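Please find the structures below.
In the two assemblies presented below, chain A is common to both, partnered first by chain B and then by chain C.
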Partner chain A sequence: MTGYILRRALVSLPTLLGITLIAFAILNLLPSDPLLTWSDGAGPVSAEATSRLRDALRPDSGPVMRYATWLFNLLRFDFGHSLRDGRPVTAVLTEALPWTLILNLSALIAIYALGLPLGWIGARRRSGTAAAGRALLLFLSVVPPFAAALLMQRLFAVRLGLLPLQGTGAGGAPGPAAAADLLRHMVLPCTCLALAGWAYAARYARAAFRAILAPEAMAAARARGLHGFSLARHFAPNSALPFVWMVAGIVPALVSGSVVIEAIFSWPGLGQVLLRGVEGRDYPLVMALVLLAAITVLAGQLVADLILPAIDPRLRDLVARDENVHG
Partner chain B sequence: MACSGGGRARAGIPRRLLAAATRAAVALAVAALVAATTTGCSPARDEPPGRSTGGRGGRFVFPLAIEPATLNFVSGTDQASVLVERLVADSLVDHDADLRVVPRLAASWEIAADGRTLTFHLRDGVRFHDGVACTSADVLYTWERIMDPASHAVGRVDAFLPVETVEAPDPLTVRVTYREPYAPALRGWEIPILPAHLYRGADFATAAANRAPVGTGPFRFVSWEAGRRIVLAANPDYWAGPPGLDRFEFAIIPSADTAYQALLAGEVDYARIPQAVAATRAEDPEFRRRFSTVRYVPLFFYYIAWRGDGSNPFFADARVRRALGMAIDRQGYVRSVLHGLGEVVTSPFQALLPPAGDAPTAGAPTAGAMPAAGAAAADAPDPETAATLLDAAGWRRASTGGLRRRNGTPFRFTLLVFAGGEDHVQFSQVAQDNLRRLGIEMTIERLDWQTLWSRLKSGDFQAALSGFMPGPDADSLYGLLHSSQIDGGQNYAAFRDPDTDAWFLAARRTLDDRERRALYRRIENRIVAEQPYAFLFAPAVIAGVNARFAGAKASPQGILGHMPGAFALRPAAGGS
Partner chain C sequence: MDRRRDGAPAGARAGIAILTACAALALLAPLLVNDRPIVARDPTGRIIFPALRAGRGVASGSGDVALLWPPIRRSWRDVDLAATLQPPSARHPCGTDLLGRDLMARMLHGARISLAIGFGATLLALGLGIVLGGAAGLRGAGTDLLLSRVIEALSCFPPFILAMALQAVGGGGIGAMVLAIAIGRTAAAARFARSETIRWRGTGIWVAAHAAGASRPGAALRHLLPLVSGPLAVQAAFGVTHAILLESSLSFLGLGVPAPLPSWGAILAEGRGSLDVAWWPVVFPCLGLALTLAGLSWAGDRISPPIVARRLLR
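This part shows the complex of A and B:
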């Protein structure tokens, strides 16, 4: 198993390298001006002042050398410094990462918490309620996230005054009050993020539950004397499989959606760092984000590949055979 | 699972009822959403929960679209940084809401007869927020850092290039000597003063004070939560007395629409009102009960630069530039797209020079003054004269219609615009339509800001729509119009006129206000005749301020961008 993991990790390395190379090329071949990055495009700057500052702001080397330096520093886990404010990239990212994680994880939980039960009900019986629920979710899922966000802001925050409109709360000392405040601030952005996922999850879960809970299989199981908990225990691993795969369908949509949602709800996460970084051609910052995203995707695939055999014996045999062939 | 039978048992009427109820609920929810967005502002609660209203002054929340890059007073020259620095730090001089120079850290100053020496007398007893006295040594240090290219003081360097020496003969005196008489000298010192004792010995780019600034301003720094907010508190020992507010908070809100909704929801106390709803809001009694409004026209204006250096066959001819400028319907744009909230701009000096025939004692330019020069008055589109001018310049239209041609070359060019700016894109479409009627085909190329900037700098374009933000002094147009600024500056039209060059330099050396204004009038008349740029319009800003606060005064640089600015904000009398 260890060998399998190592081999998978090694195979991922060229992919990672390729991704960073492409990202770097795009960022560095587009025209950019450090003067503009530094001033956020503000202020009349004369030719005299420009020539005075030009040398101080000009990159020391060409793009090839810059990429090589970047790569070398990366080996020492040095991501460089943001071109905009000169702070270490790791400091900028560690400030923003927790916000993105908490928002996306909450949305993921919300999707599962509502999508699975709806799917279950839909699979169990033809119910008008469940159908209507699914129809509503389907309708909501086709509303573009930014439009949904604007509608919900106007309704729940401005008109009804039930929920905070934007931001992350007053902060302050950690405690139950601060946590409750944060939760209140998360309701709207989290719901907006989950909107598109709910319909997908409900439909996906309904189909999955239908296949698993096929009457023939149930009848056979009952005939063997299984019922209640023992019945669930036999069927649970089977049903888990598609729901692990479902994450792969939801997470990329969440991550891309959260860039928009973060901007609308003033959520201080990575999406905003990315937007600002791309606008300002802040390549050390953007490169670190690209790398982070690539590693997340590749690691996600690896984890899925490891979890699935643990659940599904058939896949376990496949991995074992793979081990024997290569190892 | 034994429960499967239970489901079937519940079949029949109840289930149908349930389905109907659900459908009704769905319909209601949709209707509520639609209603919420069409009826707009509402009887929402007045006082948002969790808002502390205790204390003498309360807390004012101001939205910032972009987080400041740094709060190092010298390096932080982006708009957001400058706004925060104004509150935390003091400059030697500042300007009031009418853009007149007023004293700040310097109680007084005098300019020597030769116009080369400027002597400031600092206020006695002023201390930084950490208790250390602020002296002329801090001013000297701030100047040194600005001149050090490693400080990246973009946008601050210009005013100090003509400086020969800065001396501090005693702790309360700063003497600045210029190489030659320099009329805009005083305004150059609108720069916040750094605490030298916190930067000496530290790395200037990464010093702790860059993210926890210490100044002498009316508010002291409390905290900076990355991506979220910057919190300031009143400085009770401010030399002009404590400010009217207890706390001042900058909330980072990237979306302008969110900022406006946050104003309605009571989460911020100031926000720009979208032009499309500004008129209806002004008449809405509910809105007027909860908010006061301020209106100002920023100095910023839009223009189209015609690249006139002969790199294209069109724009080296002033008749062509004049014709195109005449054909463009600025008035219609301001009226219909901006809902009347803006001004047509026919001269870059429009807001900076007082109207002709004003009292000779008025030393200061009046913000938002209407065009004065007679030549600039014709701002209504005039396609007939434009067509005549184009004919005269050799660009003729065949009797069968189609594009204008000269020696077989069709009049077909590309306009660069910033894709991220609503006004940029919308106006370019208006201009495209105006020119099509004249037999000119204008292709619009949308670019991101960095690409547009680099194309402008390299002169790699035929025409470009952009904007310019002059300072309060007319000399700031030097960068747009002087021929030395074609390469590296912002003279993107490549306008080259020896007279204009000479007048700009003469105006710098002229200390007499009237003479100086006369020189700028000459430049203005020349620019209006030559039309290197088509000057377009300046959108107005309408902003709402929560009625719980009083003292908001608009200047062309907003409610914070002047003295006293935030210092004068205070809780409204009778309010909570």
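This part shows the complex of A and C:
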């Protein structure tokens, strides 16, 4: 098992290198002079700005040299300095990261907490409720997330005045009051971020549960005298699989979705940083964020691949066989 | 189960009908909503078609005689500050926006842009993906190992983030946008192309094509591509859905089509500021997007079985 974990992690290394290469290539192999592109063709405004840009972008050294320098700095968690205000990119990111994490993790929990039961109901019942659920899910999957967010913001924050419009609350001293305020501010962005995920999760879970809880399997289990709790325990490991599989699909969607949701709700997270970075052509910042996003997705896949054999004996057998082959 | 199968063709038909209607409206937009006549006679007596010509010339000053006008004589870019935020009426079927521009005209021209970017980017992504994945699957060995790493690395980038970053470099414009979205969606197509190539390589069809003297890429394109056209169509339908969503999200964030051009996302973003007093600049683009996406998803969910069946039965 340790061998499998090590090998699986090693396999990710070339991909990781490829990710850095692509992230670098996108923002560095510009056909034009980055200094001119940055300043919209007008040329940098002042000598100081020019020298700062030259320091940051180093257009004169070759791309291979620049990539090597960038990669070396990455190993020390040095992403360079923001072109906008000269602050270290790492500082900008660490400031915004907690906000994005808290929003995305709550959305992930919300997706699982509601999507899986919905999928379960869809798989078990063919009644009117299930049909209504399906119609709702179809509706959720065709309304663009930003449109839904705008309309929900308008309805709950402006018309009904139930929830705050945007932002993260007043902050202040940490305590129950501040926490409650933060929670109230999180309800809308979190729900909107989870909307598209619910449709995906429920659809996915329905298909998975339908296959796992096939009538034949149920009948066989019941015939052996399982019922109630023991029946649930019998099917639990298999039913846990979709939880893990789904991570690979949900994480990239969350990473993308939170950019739009953060923009609508003025949530001070990484999405806002990326948006401002793209608007201001802040290349070091954008490079760092693109890299981070890709690494997050890669890590999600890795975690799913590591957890799956722990749940699924069939995969464990595969892993064991694999280990015998590889020595 | 039976009920579901019986219902399927109806859903697919509805989806395809919606898509056809959207495409027709988008294609015919210049003939439906335009401030220039469809048919006119110029001073020398020749018949001309001003609505079909690009550019801005208005017929009145040049001495042309208009013979046939479009049903709605509005332009998608004419600002009318005397008629801002008009509710839907006979004059403006979808109302007007904050600058007094006719929303019907902007919606229809926006459909043109949104659909063109959606389909264009998907076609480009499929093309790039088929080349990349096909090469990996055909060459095998070292090439496959290398290209597979590239595809895998590329697939780790969330398409939306990648497209955003590329917009920072590309500097806006529709071409740059199509390319940005296409690159974001290439990995999915390449994965599909690679696995299908490997699946069919070495089958009877493949050997027969070789015996007949076909080259490897030739055999792949002429004999394998038609075989996978069913799943490919489903991939394409999902791809277009994603591309349209990407485009509208980018435009919504102000990173999409350049300012005066209408796209559904851009109209929505412009209408956002005036949502307190006017619902129409937000609701109509939402409806357009939702209808198109629903059409694509119905058509995509059910498009494959008939195509595959037809291919196998022939």
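Following the convention adopted for this analysis, the second predicted complex is superposed on the first by the 289 of 327 C-alpha atoms of A that agree within 3 Å, B and C clash if a C-alpha of one lies under 4 Å from a C-alpha of the other, contacts with A are read in each partner's own complex, and residues count from 1 in each chain.
As a working rule, contacts are C-beta pairs under 8 Å (C-beta built on N, C-alpha and C of every residue); 3 or more make two chains touch, one makes a residue touch a chain.
Nothing here was measured: the structure is a model prediction, and the numbers come from that model.
**Q** Between chain B (first) and chain C (second), which, if any, makes contact with A:263: first, second, both or neither?
**A** both
**Q** Is A:5 in contact with chain B, with chain C, with both, or with neither (first, second, both, neither)?
**A** Once the two structures are laid over each other on A, A:5 reaches no partner at all.
**Q** Where does A:133 make contact in the superposed view: on chain B (first), on chain C (second), on both, or on neither?
**A** A:133 contacts chain B only, not chain C.
**Q** Between chain B and chain C, which one contacts more residues of chain A in the superposed model?
**A** B
**Q** Which partner does A:52 reach: the first (chain B), the second (chain C), both, or neither?
**A** It touches chain B, and chain C stays clear.
**Q** If you stack the two complexes on chain A, which partner ends up touching A:86: first (chain B), second (chain C), both, or neither?
**A** first
**Q** Once the structures are superposed on A, label A:99 by its partner contacts, choosing first (chain B), second (chain C), both or neither.
**A** first
**Q** Name the contact category of A:157: first (chain B only), second (chain C only), both, or neither.
**A** first
**Q** Let me test your reading of the model: by the given contact rule, A:304 touches which partner, first (chain B), second (chain C), both or neither?
**A** In the superposition, A:304 contacts neither chain B nor chain C.
**Q** Should A:279 be classified as contacting the first partner (chain B), the second (chain C), both, or neither?
**A** Both: A:279 reaches chain B and chain C.
**Q** Which chain A residues contact chain B in one complex and chain C in the other?
**A** Residues 30, 37, 150-151, 154, 158, 263, 275, 279, 281, which sit in both footprints.
**Q** List the residues on chain A that touch chain C in their complex, please.
**A** My answer: residues 14-19, 21-23, 26-27, 30, 37, 138, 141-147, 150-151, 154, 158, 252-253, 255-256, 259-260, 263, 274-275, 277-279, 281, 283, 286-287, 289-290, 293-295, 297-298, 301.
**Q** Which positions of chain B touch chain A when the two form their complex?
**A** 1-2, 4, 7-8, 15-16, 18-19, 22-23, 26, 29-30, 32-33, 36-37, 41-42, 44-45, 48, 50, 66, 69-70, 77-80, 82, 149-150, 152-155, 157-158, 161, 205-206, 225-229, 251-255, 257-258, 261-262, 264-265, 267, 448-451, 453-455, 457, 468-471, 476, 478-480, 484-485, 487-490
**Q** Under the touch definition given earlier, write down the residues of chain A that touch chain B in their complex.
**A** So the residues of chain A touching chain B come out as 30-33, 35-53, 55-57, 84-87, 92, 95-96, 99, 124-125, 127-129, 131-133, 135-136, 139, 150-151, 153-155, 157-161, 164-168, 170-171, 181, 218, 227-228, 231-232, 263-266, 268-269, 272-273, 275-276, 279-281.
**Q** Which part of chain C faces chain A closely enough to touch in the complex?
**A** On the chain C side, the touching residues are 149-150, 152-154, 156-162, 164-169, 171, 245, 248-249, 252-255, 265, 268, 272, 275-276, 282, 285-286, 289-290, 293-294, 297.
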